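What follows is a group of structures, each given as structure tokens.
Shared between the two complexes below is chain A, which has chain B as its partner in the first and chain C in the second.
After this line comes the complex of A and B, so read on.
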């Protein structure tokens, strides 16, 4: 199990791998989008422009399947950004990994700051009485394999959904908490928060599990010759499957986001 | 599972910056291009529709013009047929009239000639009868007008009786 490189900065715990991967993901997505829209043409679009238009139309289709497209149009750019961000993030962890190992508390520093997660781990291992405490830190991974990141995205959707519900559809929005009877209020409340949790955790768990299995296969590869031979087809299969999972999860995240938005924006439709 | 809430905040900030950048520099122009293309396609479809309607109208017009021309040609032929038959009838009529007139002329001429001949014969017969009479009665019948008239009258009576 790899640790995250967390440093203390002004009382805040900053996860450096998350920061790094977020920057890389954002940069890749932005460069991709910028390349696609570099030489825009109405009549003779380039291949990459066509691809980007295909992505946009794909998200458009998801929005129209969830709600009236006129109402969903403002979320088109958000949906496209979301699907590209999550897909690129999911893919990044599949290419390679950067892992550093620490045996010594004094060596576990970055930019002159101690990596607190490593020192804590070494301390607990030491307390358990291990002679050679050992910690591994993953620097390069999918940003979406971190629960903090996926919950951040889910939280963004949650805030948008409930803000829109409270502002644009106030009466129906507050009424629906007490439907069909006022007794159901706690259940409805729990439902809303369970939506938030499942939205974030679904993405995290799928990607994280994929990376854990890749780590396990790599461990098998380094264990013995037979394991190394065996690990090659296994890794190929699992990498391919992970690409599939990554694409599906990005798709599901955006579909659910549009469904949640439509549920509050289009709420009065459900009543009659 | 180690939840670091600072990561959530960093993610939100990073994502919102990415969203802002993309909306401003990538999607805004791309959406407008896609909208323009939609507009272009709709415009071209409209144009094609208009052209097709025009073409249909032209074909209809051409059909009508052809029909009209056919009708005109038929009318002309019909008319010329009528005219020619009328003309033929006229010509025949004219020829008939001419023939009748010629015949009548000829009849009249013959009548004239006959009358003339009769007249001439009568005067010659008168003269001859006077001569015969004078020869018979010996120069007593003079060839004057009174006697001539008498003879004429007599001859007329004879002619009228015959």
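After this line comes the complex of A and C, so read on.
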């Protein structure tokens, strides 16, 4: 398995590959959106403008299936940003990988900081009595294959949902914690937190498992001649399936976000 | 101890796959039934089906991630 490039900064362990990939994903999404809206035209729309209009109409349809579109209109920009960010992030890990190798601890530095994960791995290998300790660091991966990123996105949605519920729909929002009976309060509380957890972990686990399996297939390819021949169709099939999974997970993340928002914003007094 | 971890990895991946297989089978067969009855609602049903498949797929995949963690503990 490849290590992640972790450095220590002010007592925090920061994964540099995630930082790098977040910047790359943001840049790609920004450039895509900028290109698509550069020469807007009604009579003669460019191909990329058509594509962006399709994305926006798609998110619009998801919002109006979850709630009244009049109430859901403010979340259109949020939904389009989320679906593009997550989709691009899911796809990035599939195209290639950047791996650096380290044999001694002095070389394992970045910006003058030691890469903690590599030095720790080399130390444990050295303690096991290995003569030539060796560590590999993966720099290029999906940002969504890191639990910090996906839980961050889920937390963003969580905060939006509960802030809007408490501010815009105060009475119904606080009342629903005690539905159908006040005894159900702890269960309702657990429900809210399990929503947050599953929202983040769902995306992370799918993308992470996909990347782990790609790693396993690559290991098979380098193990023997038969493995190398076998790994080609396997990798093709799994890459195709990963594209499907990545698209579906981006879609599900946005649909669930809209459902959660509609549950607090669009809550009716008489229904419960 | 290592043997138990490997056994746990095998069980969690296998049972996860079993559950997801049953769940996806039920979901897709019902969708096919619905489309056969009302072909005009195909697109709505398909979207709902993919949503459901995505929700079902999570459990085995979390199971596989757990299995990899157990496997890492064993080796």
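The working rule: the second predicted complex is superposed on the first by the 254 of 272 C-alpha atoms of A that agree within 3 Å, B and C clash if a C-alpha of one lies under 4 Å from a C-alpha of the other, contacts with A are read in each partner's own complex, and residues count from 1 in each chain.
Here is the rule we use: a contact is a pair of C-beta atoms (placed from the backbone, for glycine too) under 8 Å apart; a residue touches a chain by one contact, two chains touch by 3 or more.
All values derive from a computational prediction rather than experimental measurement.
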Practice task
Once the structures are superposed on A, label A:4 by its partner contacts, choosing first (chain B), second (chain C), both or neither.
Solution key: first
Exercise for the section: Would you check which partner chain A:198 touches, where first means chain B only, second means chain C only, and both and neither mean what they say? Expected result: second
Practice task
Look at A:43 in the shared chain and tell me whether it touches chain B only, chain C only, both, or neither; answer first, second, both or neither.
Solution key: first
Exercise for the section: Report the partner of chain A that touches more of its residues: chain B or chain C. Expected result: B
Practice task
Determine, under the contact definition given at the top, whether A:14 touches first (chain B), second (chain C), both, or neither.
Solution key: first
Practice task
Please work out whether A:252 is in contact with chain B alone, chain C alone, both, or neither, and reply first, second, both or neither.
Solution key: second
Exercise for the section: Using the touch definition from the top, say if A:212 reaches chain B (first), chain C (second), both or neither. Expected result: second
Completion exercise
The residues of chain C that touch chain A in their complex are 50-51, 53-55, 57-58, 61-62, 64-65, 68, 72
Handout entry: Residues of chain B defined as touching chain A within the complex
Key = 1-12, 14-19, 21-23, 25-27, 29-31, 33-34, 36-37, 40
Handout entry: chain C partner contacts - residues on chain A that touch it in the complex
Key = 1, 198, 201-202, 205-206, 208-209, 212, 245, 248-249, 251-252, 255
Practice task
Would you mind writing out the residues of chain A in touch with chain B in their complex?
Solution key: 4, 6, 12-15, 18-19, 22-23, 26, 29-30, 33-34, 36-37, 40-43, 45, 49, 52-53, 56, 76-78, 80-81, 85, 117, 143, 146-149, 151-153, 155-156
